[in-house]
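So that you can tell them apart, the chains are marked A, B, C and D in the order they are listed, and the count of residues begins at 1 in each.
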């Protein structure tokens, strides 16, 4: 009876694994097919003779390396910005006493209920007056500081004992030294988490880059992919190659740093 | 140890920060003698190949070409206007011109035209007119475009016709015959639901304009438009056209070859595509022909194509004009046609390439004698989209023809409200 | 007067200032400006010449309510939220329960597979699904044909387009909540199950009487997050259907995007944004109220 | 020279300073003294230490170290070192770096730092642990590192905040002894905070008993034991606690008072302050100053429980006071006494060690 049950559960789980993994596997195999190969019935699972044509076409014909580079630059800069702004603020909200701290923090939390899209129209106009439309800087603006990031850092900073900070003050460290020599090293795990979240978030972001990056030389991969997919409806192989190039970096990053990602996910879910 | 770590961080961080800080420059900055040129689709791809001679003649000018996909071009141009990132010169769909004139994005060209090699009377009249708004010239036609019928000669012949019947009723009769021949899963014509152009093209061959009162009010409830829409609807109701949009047909050429449909209202770029993508055996079985004659007695089609415009905020207008003059030379136009299959805007170029007598492009030559521009309201593109949407809803049973035209009018009038207000103020942009 | 507690406060201000300024300038400020903008007819004409700007009061809102497209968008959005949301959560919960079953092996590996879609790029996987959902050559219809089901024109048939997007959304998102549920189930003390076992409860009864009540707070929290997230459906229709067929996948946010950044009617786009905000707020408040009634903290 | 002087120190917390933790404290600590702050939790002893350390600024009053007003100086400028309750070692640094941190911040030459760290490590017997991270150390070792970190800086004043409270009982006793020795070797001013009166008694040159934000008494350990100034100190210092029995003044003059205990026994004591007839007072007597009397004693009580500690034996009695409410009395028995639970006994006091507290809790006994 137990054995039967076990068999049943395992069967279901592996069926689900197959269903969930299938689209990604299919994406990979199709990307190695010859042009037009995928559009037949019954749909082929594996390429008849694997080819890199689609990838070649992406680089030679569509200059995907430009978009890839844009995505990398933006994601890296977003990560650096987010780490520097949010970590300082999160730590200060957790550990430094100053007037109005709690009021400020609560007003930040209230921002969580406002969807980011509400301010997009004025933000565009604002950036227009700064001349930042179609610049990396404009695309990075939403990533400078995030309530979620501040919240997460604050939560983890709270676990740093006050006495350690005071010990450092007694040892003669000023607040900046305390932050750089003590807090940063002790927050490393959460920095990795926050960095990972920001990197993935920026890499996968779609709406804002779509709006602010007007020039196709500055497109990110998702924007380029969305545009290409409208232009190349019939080229499944090409589009799958594009999808592979877009998905693979973040998927690998996630697999390597999975532990940190889960920590952030659960931290974020504790209080929403 | 701590110090070492900091050093490493600084080493990694510094260039990245430098990278971040370098991003404030606008990539379309109007610096030096670089002309920024936006081209769309195939044109954007090949325009670079036309330029070497121009660059040799004008060593002080550089041209930076950027390609926009057609599906996003209109949106991107507006976005660039909104974000102050327009180029110096752009290709622009000539139906969009009123809009970009109204918002003050493009500059007048009358001044440049005197003493120029560009001669108005060498252009198709209906096409040239699309570049003239309130009597002022804003663009130079680059290539022309109109819609004609592409069809399979074999299925038409099998249905008992040697040529395509000339008027709407005859045309529909032919479609019926074809449908009866091809059976249940195939169709006589494809009118993709995500394109408004086929319907719009049909609606040009009636007496009533689509917008009235200086293009400030919808005129969809006119007799002529209703007649068009009824006709259009009948093609679906009778099963002559499938209720589907183009993105659902994974490859229009394969499906044409397989006989999913026999007629397709489309533009000149497809001459090349049909030649290239249809199987060898089919090459003798397809042809082009002008649109059927509508209730007004003439077979109008849309005055489409692209024009070259100079953006108002460009600071290199003389250089830009030089480029336009270069691209408008008949021999360059001919070369452009060879590269793209886009039909030249000047008749002299047609003659040069013997296009006017070519078996495929001849239909376009004929059709170009009868073309009408899109309504001169900047909002036209939006209204057209609304028209398409309501049409699709009608075809799916949400409206009858009367309901649909009223709905279209309602939507159009709402979109045009601002235009009415601005015209009343007399504050429309030059 | 240096370095001492006085300085702690100063350091505090200096440390929060950059983030606070960024959030005020780039988030709160624009959100407030959007509210004002929603009472104007800011459009492409106003972009060209600010004199073409009119203060129109509530006109954007009233026109929105009179616009059938808005109601379609609202209907589509609510369908996605109230059908897609619960389906996603059900999938998450089922997966979490399966993955906490003792008899299932290789849990870590399976969890990673289930989670992988969450981190993938939405646009890319939407493109993948667009092909998988293809009427003729797509694997989904191929799979269905093996089960004797006729091909469905997923993205072309107005009735099926939104369900197709929901299928995609469930695939893409269920892993996220699954992880939360796994953590919540893991924190249920084993004693409770053993006590229930001794009391003679069947596995199903144990699920109903131990697991579900213990998961209550997580379920509520997850439902708030999921549903408010689902209100913001945009990229899927943008990539997969462009709002079609017959506007059946136009969502409120899609409408905002088109109004705002395709047609540059920033005034009415702002009104759409605020209606969206109001709906999400109401949703959150209702769920918060339910939480209060149930005594969940 | 680093005596410490506190003048009218007040400290409040909260946005509107609504929580008053230190309520006006004056204190003078001589250079080189080992002073223990003791008191129940929440009495303000840690806050007072932090005020001296410079981790808090007083709401009012001044702090002098070595005669210099340091009220607004940073911890660094005060020449102090501090050992925290949790030791507060920097978890990402090894023992060496922990101890060297302050000197590095002060940009001292590498060689000097190295000499200082190794010397301190040697003194504390942790020189074999220098490359370990804090999490690889036992509680006692961490404690030593924390002390080492303080010593390395050669401060004028050492501050210890409950340094033994995280150790297990055996280690605590051992470390107590080491602290006592450390106090002597360092020869510096030491302030040591604890809630444990035994630690206070064993370590201190002088004890500050804090209660509710005030100093209850300041003096040498034995003085506090023998002559508690008030009922709080009397109860706090000494284990088991001093017994307290409600009583009434029945007769009094300027120098003496007659007090009625338990409605029937009268005692006479010398007093240093006025009492009035009819005043409620509390009589305090330590367990070792009570004995079971063969004759009729001052008080009858029933033996409830005997605690045998080996070196001592405590008996717990129960009786009623003059208001008939229950009173528990602890008494140190002679080792050979054979007690019987439940039996009534008559108890006598050693009258020379009796304390009488007036209704405000002040000790009015004349010693």
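As a working rule, contacts are C-beta pairs under 8 Å (C-beta built on N, C-alpha and C of every residue); 3 or more make two chains touch, one makes a residue touch a chain.
The shown structure was predicted, so the numbers you read here are calculated from the model rather than taken from an experiment.
In terms of C-beta pairs in contact, the better-connected of the chain pairs A-C and B-C is A-C. Chain centre most remote from that of subunit B: D (centre = mean of CA atoms).
Of all chains present, the one whose mean CA position sits nearest the global mean of protein CA atoms is A. The distance from the centre of subunit A to the centre of subunit C, each centre being the mean of the chain's C-alpha atoms, comes to 16 Å. Each chain gets one centre point, the mean of its Cα atoms, and the points for subunit B and subunit C are 37 Å apart. The mean-CA centres of subunit B and subunit D are about 92 angstrom from one another, to the nearest whole unit.
Subunit C and subunit D have Cα centroids separated by 60 Å. Among the residues of subunit D, those touching two or more other chains are numbered 54-55, 74-76.
For subunit A, residues touching at least two other chains, in rising order: 39, 99, 124, 185, 211, 230. Of all residues in subunit B, those that touch two or more other chains are 2, 79, 82, 247, 250. Considering their complex, residues 2, 6, 13, 16-17, 19-20, 23-28, 41, 66-72, 76, 79-80, 82-85, 246-247, 250-251, 254 of subunit B touch subunit A. Within the complex formed with subunit A, the residues of subunit C that make contact are 3, 5, 7-13, 15-16, 18-20, 22-23, 25-31, 33-34, 37, 95, 98-99, 101, 103-105, 110, 112-117, 119-125, 127-132, 136-139, 142, 171, 176, 179-180, 183, 218, 221-222, 224-225, 228, 231-232, 234-235, 238-239, 242, 253, 256-257, 260-261, 266, 269-270, 273-274, 276-277, 280-281, 284. Residues 15, 50, 53-55, 74-76, 80-82, 84-92, 101-102, 105-106, 149, 153 of subunit D touch subunit A in their complex. Against subunit C, in their complex, subunit B makes its touches with residues 75, 78-79, 81-82, 99, 102-105, 193-194, 244-245, 247-248, 250, 378, 382, 389, 392-393, 396, 398, 407, 414, 418, 421-422, 427, 429. Those residues of subunit A whose C-beta lies close enough to touch subunit C in the complex are 2, 5-6, 9-10, 12-13, 16-17, 20-24, 26-27, 30, 38-43, 84-86, 88-89, 91-93, 96-99, 101, 104, 108, 111, 113-126, 141-142, 144-145, 147, 150, 174-176, 179, 200, 203-204, 206-207, 210-211, 221-223, 225-226, 229-230, 236, 239-240, 242-243, 246-247, 250-251, 254-255, 258, 261-262, 265-266, 269, 272.
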